[in-house]
Each structure stands twice: as C-alpha cells, then as structure tokens.
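Chain naming follows the written order as A, B and C, and within any one chain the residues start at number 1.
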Amino acid sequence: MAEPSRPPLLDVRDLKTSLYTRRGVLPAVDRVSFALEPGETLALVGESGCGKTMTALSVIRLVPAPPGRIEHGRVLFRGDDLLARSPEEMRRIRGDRISMVFQEPMTSLDPVFTVGRQLIETVQAHRNVSHKEAWELSVGMLRKVRIPEPQRRMASYPHELSGGMRQRVMIGMALACSPDLLIADEPTTALDVTTQAQILELVKELREDLRMAVLLITHALGVVAEMADRVAVMYAGRIVEYAPVDTVFGNPRHPYTVGLLQSIPDLELTRERLSTIPGTVPSLLRPPPGCYFWPRCPLAGEICRDAQPPLAQVGQSHYAACWKAG
Amino acid sequence: MVLVISAVVFVTMRLIPVDPAELVVGPYATADQRELARRSLGLDQPVLVQYGIYLQSALRGDLGRSIKSGKEVTLLIRDTLPNTLMLGGLALALAYLIAIPIGVVAAMRQNTALDQGAMAFALLGIAVPNFWLGLLLILVFSVSLRWLPATGSGGWQHLVLPTITLGLQYTAIVARMTRSSVLEVLRQDYIRALRAKGLVERQVVYVHALRNAVIPIISLLGLHMSGVVGGAVIVETVFAWPGMGRLLVNSIIGRDYPVVQGVLTLLGIAVLLANLLADALYTVADPRIKYSAQR
Amino acid sequence: MEGATEPLGTAPPEAYAAEAGDETALASAPWRDALTRFTGNRSAMVGLAIIVVLCLAALLAPILALHPYAEQDLLSSLEPPLTPGHPLGTDIFGRDVYSRIVWGARVSLEVGLIVTTVSMVIGIVIGCVSGFYGGRIDLLLSNLINLVWGFPLILVALLLVTVIGPGLNGAMIATGLVIWSGFARIVRGEVLALRQREFVVAAKALGRGNLWIVSRHILPNIVGPVLVIASFTMAVAVIVETSLSFLGLGAQPPTPSWGSMLNEGRALLHRAYWLATFPGVAIALVVLGFNLLGDGLRDVLDPRMQD
C-alpha cells in the first residue's frame, strides 16, 4: 500500500464476486482491478450481464447476499479496505462518503413517503442536525438539482414526479452529504433522450462543484464519451481494456472494444449494414479455459483458445487483455 | 351512496317473497302463523306496495314484530347487536395485532424453523373450520379442564373462547399475508436504494418496508370486516353467545320471518358500510390511490 | 429466484457444442418443467395425497365403510372409539362413526364438485365478458363482482335457505351464487391483460371473430389461474356446506355430512367426545388438502399471482 504518489481514492484489486445459483456458481466479477483518482470519472462499460453492476454493488457492499458472495480481493477507499469493514461502518460510509444512484427512477424511491421526508432522513442518517436544519439542507439540494419550486416539492410523493425529476431527486439524495465518490448505475438509461442530456449535464456540473469522483456504469458509448476520463471495458466478468477515454475511442486494442465501437451506427454512412459482433456471450457456468472472447474474435488464434490473457500494458496507461494486442 | 341504497333495496326485496310464499304454501306453517301473516301488512297487495310500506315503517324505526316472542324486531336487534360488535371487533383486533408481528418476524427469518413453524400453524388455522375449533376448545377448556365457561355471556371469561374461535382463522390468514407482503416489499428496488443511502437496517425494515407491506393488509382488513359477520353467525351459535348471528340462525330455524328480514337487511347494510370503510382506509394507506381519486 | 442483478449468460456458441448438453439450455418443454417443480413441492404433494384419499373414500365408500351410514343399532349407542366393529365409536343411534365419515366423503366431494364446476363456468363467462368487452359492461360487471366477492357467504346461504328451505340443494345453490365471483375476479384480470397482448390484437386485425379469439387465445391462457382458484374454491365449498349442515340448514338426516355429524356431537360433548372430534378432523384435512394443492398449483402455474 506504500505508493510514492498520493494513493487513489478508490483502488479495487483483484475483486472476485460469485453468484451461487441453482445451476452452478457464476463468476460474475472475475478478478477485476481498477483505480479511481479523486475527482476522476471512470466508466465501466459493457453489455448486459457483463458484471458491471455487480462490480459496483461489490464496491459498496450491497451484493444480494443469498445468491452473491464477495470471495476475494480488496477495495481500498482512501487506503482503507472496505471489504474488511463491519456492516455498521459500511452503513455509515454509504450515503455519506460513497453514494449510489440506480437505474430505475420509477422504482427507486419509496412510494409511500414524500420526497422531503426521504431527503431529510438521508441527511439525518449521517449528520447530527435538527429537523429544521435538515429540511433547509434538503430544500437546498432540490434547488441544486434544478427542481423547480423546491419547497413545494418537499411535500410531493414520488408518483407525482416525472422520471427525470425523480432521478434528480435521487441524485440530490445521493449528494446531500457531499460524498467523495458517486457510483451511478445506468443513471439515464430509463429516461428519454432529452432528459438524459439534462441529467448528464447536471451530473457534470455537480461533479465539478463537489470535486467528486464518479464510477459510471453504462452500456452507452455516447455517455462514456461525454462523461468519462478513463474507461474500463468489461466482458463476461473481466476487464478486457482499461485506458483513458481518448485512447479507448482513438486506439482500441482489444477486439471486443473494436467491435463495440464499430457497432455504433454512423449517421453519415447511409448504405452500409450495421456491424455486429457475431455470436453471444458465453455461459459462465462452465467457463472456457482460454479467452472468453475467443469464439467471437476475428483475431482468434491457438493461444487464445488455451490460455486466458492477463490484463497487460499495451501503451501509456493503456491495458488490454488480449494475446494479439501487443 | 347510490350503491348503498340499491343494495339495501336488493337485499330487502329478495326477502319479501319469502313471507307470503313460505307462509301460505309451506306445510310447515301452522294455522296461527297463517292468521298472523294475513293480519300483518296485507299480503294480497302487490309486492312493491308491501315493500313500500315496509320501508316506510322501517325508516320510522319499526321493523315489525317477532312471531315467536312478539317483541319488536328493533328491540331484539338493539339487544343483540352490541354483543356481536364486541365479539367481532375484539376477534379482529386481536387477530391483526397478533398476526402482523408474526408475519413480519417470519419474513425476516425466512426459511428458519420459526418461519416454517409459524406458517405451518397458519395453514392449520385456515383449514380448521371455526365451528369445529369451537367445539374442540369447549371440549378441552370447559368440559375437561373446567377453566372457562362454554356458553352464554356474563363476564370476560365468556368472551375468551368465542373470541379465539372467531379470530384464529383471521390470525392465520393475516400472518401468511403479512409474511408474503413483507417479502415482496423487501425485493423492491427502493429497499436497495434505501440501504445505499446508509440508513440503519432497522429503519429500512420497520419504517419503510413495513409501511409498504401494510397496504395490502389494509385491503384485507376491509374484506375481513364484512367476513367476520358471517363467522360470528356460526361462532355465536356454538357458544350460545347472545348476538345477532345466533338470533338470525334461531329465527331461520324457527321461521320467525320478520326477525330474519330485519336482521339480514341490517347485516347487509353493515357489510356495505364495512366495505366503504375499507375503501376509505385503503385510500389513506396508499398515497398513490389518493392521487388517482382526485382526478 | 436467483436474485441476480444481471441476467445470466445465454446459450454457448458453436465453438463448444460439446458443452451444450448441460442444464443451461432451456430445452425441456414448459409443461414438463412445471410438473417437475410440482412433484418436488412437498406440501403440494401432501395436499394431492389427501385429495386422492378423499376421492378414493368417496368412490369406494361401499367397500371401505364397515356399515351403511344410516344403519342404526340402538344397543350399541354411544360406544367409544376402539370398540370392536366401531373403530371410531358410534353416535347416539348406534351408527358407526367411521363409516359415516367415509360416506361423508361422498357428500363433501359431490357438493364441492358441483358448486365448483357451476361457479367456474359462470365465473369464467362473466369474467371474460367483463374483461373482453370493457367499457360500461366492464364497469357494471366488475362492480357486481367486487360486491359479491366481499359478501360473507354464510349470509347469502342463510338467506337462500330461508327461502328454499333446508337441504343440500339449497346449500349448493347458495354457495354457487357467491363463489363464482372468485373465478370472475381472476379471469377478468387475466383477460384484461391478455387483451393487450400482440397475438390478440393481431387476431383482431386479421378479422377473427370475438368468439374465436376467446376460445383459441384467451381460454388456454387462463387455464392455469382457473385451476388454482378451483382448488381453493373446493375448500371453501366444503367449509360452507359443512357450516350450513352444522347449523342444521344443510344436509338433513340421515345424510352423513361431516358438518351435521359435528352438530350432533355438540349436544353430547360431555358424554361422547369422539362425535365432535373425528368428523372435524376429516373436514380440516380435506380443506387443508385443497389449500395445499392450490398453493402448489399456484407456485407452479403462476408464481406471480397473489391472493
């Protein structure tokens, strides 16, 4: 842990989380490592089922316990291993130092309590303030997330708000205690395009304002381009490419990343067929011995089938897990 | 309100055909009863007129007289209604007060011995017919142990067995329902979001989850408030509890039609009131409903 | 439910077809899958076993019973259980309790089947009409359904018995008059949901008649929930019939309804505890059986369905 320069805000090392299902054990997060500097935004990208949400849940230790279990690894937050913390200590960190915003604003707020009540309880869970002070703080948060007539809105119920407004409330709640790290799991996927843009703008602004690091989970490359400083591409539970955002878009080295980028429809070319990556994600119940991407990879070779490539450096701050990427 | 009136009309209308048909046609009728019938409210008049007359007197507080005892029906009802209300109310109150905590605990300790035991017990509670339960309780507590009286009223001891008998099946149903409701709520997204906010687990469960889980239980309460009327009929008969249920059954057996008519009508109204109350409660419980009702 | 926050991987690519033989491929037919789950459910199996015993008792009553249910033997009046020839004792007329219980299975089963079948038909029809046509018809019918659903069965039954007079027929009609609402509720809900589904809209677009749509598309899809409700309805029917018989308003002597047997036992609690005990066990077991069966069916056929 003795680093010459200041340690990263979040340092995930060799994280392994498995799901114990009726049909077998699934390595949902398979030896994942990445780091986040204070104020930096890291995007975890990948298709559905690649393990990005599980990774996020593992960091904040909200993995659903009966089927899931964090087997291995270290999650160093400001040098402190979160996996070694007690449940009560974790509880105090959640919402205060690390906050998480989820994908579905429609169902992420308790429907039977007012927005104000839920905001106040967040504040009072972490700060020793009077009800009045908490109320003021909450109104302030609503104002910060650009909700019109914040005082009136305190008495609204979630179902009285639109999806975009609900997501703003969620963000407001998450940022109420000025956390160091915000984990955003597909924060805009469930919203329409216009609202998406607004929410992203809001997050960018607040991120600036609070000097907050963001771990952004998404499958939308457009969002990545707009928000992220660094990108970690995930496939079947592993990180296959890890680089600054410009590098990933400009010089992708892993065939999967290349494939992803190629499949973004180009609005200018009208006549070509949409490019896709052939095949499907493998079942992880019986993981293959070699590279998971091997069956679908255009560069596939003998070594790819037999041995799994480690995440190796292929450029400055640029890592890829591919035998053919060197 | 229109519903109330129309339903009441409905109930009473269907009662009217009883009197003339049974009294005149049935071989069960004695000469006495036939005399009485002819004397009261002119059976030769069309049904609607009869009904009109009946309704008029009813609104004045006169529901006729019992054939058996000659007492005014209104009086009989006034004597027995409070007893039924006491029994039913107590049974439901106890049932819910006991069942909800059981359901919550069972859900929190899902699949443990406690949970499975409680749910097995609940299954039995639902399957056992209340009249049999009453008989068994009498057998054990009155006949064998002689701890509690079997029948009649007079002191709190007389209330114990009937209340347990009436309330047990509701306890069972509500316990099961609470458990599944809590489990369902705990699966929701917002519970995870609440934990992510850093709330104490106790707050997540006992404030948020419980408040949400209670909503379907409230609608169940509405259903039960009208259902308990039916249950009371049987339980009162078993324990000779002087309530409206027993009055009803005895009147049916004894062909005391004015009483039957009065009691059934009143019970019908009671059921409707219970439904209305239930709807109101539900609106209070679930803020989402209030919203759509305002439109 | 696995509870995974992300969906599991799908079928493996051609490259390792050798692995394709594992359970991850959803190859088995849905019915076979459902059957496996059902037989694996222990309490559902217990329920099924009880019902099977009930049916056997009803069908084989002449063989299984030791005496005809009406046969009196005044010399053996009020014999306790375990008397030779009378394993569960006799009642005040010397009738064998065990035999009457066995014969009673017929009564309960018959009442249950008739009531359930008739109300199933009524309920399905009304539910379908209400859900399918919507609009004012639905408004009217659904209010009616809810009104009837909330109404205590016993009261309606008592009302009818007053008019028709005591007897099993009255009990059956009365029960049927209210229970249909249970079917109608669920059917209506299902039909409302199904009506929006693509295959129904497509059928309509193709110009298929309503009746055709209903019978080909709607009915097969409601079989599951209907079966579940049917099982619970049987339980309710048994309870109502026995309750009425207990009050003396259902089955009339000498018909051996378990409810009327309990009524007779009531008067003799002090002297003959067995009269008030064993018939009740039968009722409880049967009701439990149908409830367990219904629960099991629900878990298998429609886990999303709630009370």
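In this section, a residue touches a chain if its C-beta (ideal position, glycine included) is under 8 Å from a C-beta of that chain, and two chains touch if they have at least 3 such contacts.
Computed from a predicted structure; not experimentally measured.
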item	value
Farthest chain (mean CA position) relative to chain A	B
Chain with minimal offset from the mean of all protein Cα atoms	C
Distance from chain C to chain A - Cα centre to Cα centre, in angstrom	50
Distance between the centres, which are taken as Cα means, of chain C and chain B, whole angstrom	22
Touch list for chain B against partner chain A, complex	188-190, 192-201, 203, 208, 211-212, 215, 286-288, 291
Of chain B, residues touching chain C in the complex	3, 7, 11, 14-15, 17-18, 21-22, 26, 123-124, 126-129, 131-132, 135-136, 138-139, 143, 150, 177, 180, 184, 216, 222-223, 226-227, 229-231, 233-234, 237-238, 248-249, 252-253, 257, 260, 264, 267-268, 271, 275
Residue ranges of chain C in contact with chain B within the complex	143, 147, 150-155, 158-159, 161-163, 165, 235, 239, 242-243, 246-249, 259, 262, 265-266, 269-270, 273, 276-277, 279-280, 283-285, 287-288, 291-292, 306-307
Chain A - residues contacting chain B, complex	60, 62, 91-96, 99-100, 102, 104, 107-113, 121-122, 125-126, 157, 159-160, 170, 173-174
